[in-house]
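The first chain written gets the first letter, and so on, giving A, B, C and D; residue counts start at 1 in each chain.
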Amino acid sequence: MSVTERLRRNADSIWVSILNHPFVIELYTGKLPLAKFRSHSLQDYNFLIGLVRSLSFLAAKAPRLELSKMALELAYRTVTREMRNYGSLLRRLRLSISDAERETPNPTNLAYVNFLISTSSLQDFWKGLAALLPCFWSYQEIAFKHRAKLESNRVNLYRKWASVYLTGDYTALVSRLRSAIDRSGTDFRALKYHFLLASKYEFEFWDSSYREEV
Amino acid sequence: MSVTERLRRNADSIWVSILNHPFVIELYTGKLPLAKFRSHSLQDYNFLIGLVRSLSFLAAKAPRLELSKMALELAYRTVTREMRNYGSLLRRLRLSISDAERETPNPTNLAYVNFLISTSSLQDFWKGLAALLPCFWSYQEIAFKHRAKLESNRVNLYRKWASVYLTGDYTALVSRLRSAIDRSGTDFRALKYHFLLASKYEFEFWDSSYREEV
Amino acid sequence: MSVTERLRRNADSIWVSILNHPFVIELYTGKLPLAKFRSHSLQDYNFLIGLVRSLSFLAAKAPRLELSKMALELAYRTVTREMRNYGSLLRRLRLSISDAERETPNPTNLAYVNFLISTSSLQDFWKGLAALLPCFWSYQEIAFKHRAKLESNRVNLYRKWASVYLTGDYTALVSRLRSAIDRSGTDFRALKYHFLLASKYEFEFWDSSYREEV
Amino acid sequence: MSVTERLRRNADSIWVSILNHPFVIELYTGKLPLAKFRSHSLQDYNFLIGLVRSLSFLAAKAPRLELSKMALELAYRTVTREMRNYGSLLRRLRLSISDAERETPNPTNLAYVNFLISTSSLQDFWKGLAALLPCFWSYQEIAFKHRAKLESNRVNLYRKWASVYLTGDYTALVSRLRSAIDRSGTDFRALKYHFLLASKYEFEFWDSSYREEV
């Protein structure tokens, strides 16, 4: 079994909770109240800013140029394409980037982002990458698990949002991250803690969105 | 006078030495021995790796997302377009990226890169940007000062290399960096040391290439 | 009004909640259940490890040697005297340093520590110091506000614990930190966010200890 | 053979050059011109400031508290005892700490310090420690190799300076650093580059002092 498969299996009970979280289910079925999605979007925009800082730290300390490039591509993709998508998403929600910037990150968001930044600044590249992996990977697993639900989902906004994580492009991105870790020679035990904790934060993030935590 | 104009003026004697350095003059007139250019190219490739690390640090700590994005664009441009250009440049010199990777950075190169990394990791974003500015800016000033010489330059390789720094794209990049500093409200005195020292390292880098320092 | 007085006043409602938190009151009156104090001690030991990392980051990036020295003295005091005190405190609680090391930091603890590390690694020295100040300062303010209660406090362990924060040595330490910020020329607005958020985490930490959060 | 013995052996030709450098020999025999020693002292004071930053970075990222403590003790010792010794040394040289602070680090000093800071900020704890080791260790080896020369050395100042590195306290410090690396399980190959380069910088530092590099 590859290292990332072991990491995934070791966090399985948390991932099951993520995959079945009411926010996730209702988002894919189309039953999620718009207020909860708005709250999530404003928080998530702020999360991305922290994600970019964390990826940038990893690009700075990557052991090889190829890995620095991978981290930079992810960070660059986030500040360009993802942020642009957020701009249009927020407009459809009658919100703006300025609204997102004015939004205070809620305690769960803050704890998650500071965990990522602290990990990428103090720990080595691989622990940092293991901490970032659940965020990217779980969005893909959610999308593939629940894609059949999208067919009867009547909320255009939710269908469009979810479709990103079903693209070949996104699948390739997750494979690239996993494969970097799997080929690194880093031991499962060295990464276990960071992958598990990040998985917990993923769950907490969905949960805080559902509770519209402020 | 803007802050970057004051920084430039304060480092004028060094910039004059840069603009008139034999490596620079002979590169633009076409009289530079190919061995010196090869040596420079192998070193410069290694310098870029350090530049990318330094830019990534700045992206991590930028005070605003817009500035993080600017640093990431520069870093991303470097690991993609610039590195690709190096690939084809090295091929024309009958060298490869592998040759460049095997090349040991010479002491001057190492000192410059470690100054950039140390500055971007310890100091604030603006001091870090001031340290990176001479590298980008002086290449532009060199190109505009000596562009007439390119007409009688018979070495295709040198003309092609130099042409990059005359493009509108490159001019816009330098303006963007300068304008970020000029609009930051940071005092000239806070940035003086880092801009001046980076200018000295720019001079030393050309000089080490001319001496084919190992 | 000095900058630190403004920071303190701006966070007043949170500080009032800290000063009146049941954990604090019961600790000083001697009515705190020992189980809650044990839980707090095990968590606090882990907090100190993060505090040391954060202080070390500040020592690395301090703008002047004198400030680097101040951060190092605090960090060194923490890993020597404070950790030693914890050793004997834990023994009286029939616990050991090993128990403390095995204890998983609870979510509140983790969020606080990662906020400190993220701040000291990404932000400038002064923001980092402003984030660390509530921890040191509030312990002193608590001790002076509630010291009369100690007279009728029958729990030796609590009295001994509290007495540290009433010493001239500790008062001098807090004054030194405040005075460094007050003489730095840094604006209140630049530090407001970090001082306020750290104050909130101080409150949350007491609260998590009272709830014996795991 | 232990890892540090292999590191030492791998750098042997440089260490031989260090041990036989005229600055070192003349310092121990008492024939070193005072001007060279003054120049060295002013530079070395500035080097120590960088050393402290580098040690602080390592304390921030140490994998275990015990190692964080070791780095902090070294950093704290440097900013207290070592800096105090420098104060009295400089006074005997009719110089002051202010003179040292005004002194511009020469290019060799700057390159060495920025290598240490860049290593401790980008690389893991062990590579950072391997980069710091030659500085501490070579001073001890120099002292033991040349201690017989001290008997006929008529310059009190030089004898007093050298005596520090012959103490049991200093020997214990070097042993502690070496033993930390030897027990870390880190591979010789992972540390080779940083130990070797630091050794070269040690040689260059003595050489720059002898040349009174500015």
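In the analysis below, a residue touches a chain if its C-beta (ideal position, glycine included) is under 8 Å from a C-beta of that chain, and two chains touch if they have at least 3 such contacts.
Note that the structure is a prediction, hence the values are computed from the model and not measured.
Novice: Considering A-C alongside B-C, which chain pair is linked by more C-beta pairs in contact?
Specialist: A-C
Novice: Hey, how far is the Cα centre of subunit B from the one of subunit C, in Å?
Specialist: 45
Novice: How far is the middle of subunit C from the middle of subunit D, if each middle is the mean of its Cα atoms, in Å?
Specialist: 35
Novice: Quick one: report the Å distance separating subunit A from subunit C, using the average Cα coordinate of each chain.
Specialist: Centres of subunit A and subunit C (C-alpha means) sit 33 Å apart.
Novice: Listing for subunit A: what residues touch at least two other chains?
Specialist: 53, 60-61, 117, 121-122
Novice: Which of line, ring, star, complete and other names the graph you get from chains that touch?
Specialist: Graph shape here is complete: every pair of chains touches.
Novice: What residues of subunit C sit close enough to touch subunit D in their complex?
Specialist: 49, 52-54, 56-57, 59-61, 65, 68-69, 71-73, 75-76, 79-80, 83, 117, 120-121
Novice: With touch defined as at the start, can you tell me which subunit B residues reach subunit D in the complex?
Specialist: Residues of subunit B touching subunit D: 53, 107, 110-111, 113-115, 117-118, 121-122.
Novice: For subunit D, which residues are in contact with subunit A within the complex?
Specialist: 60-61, 122-124
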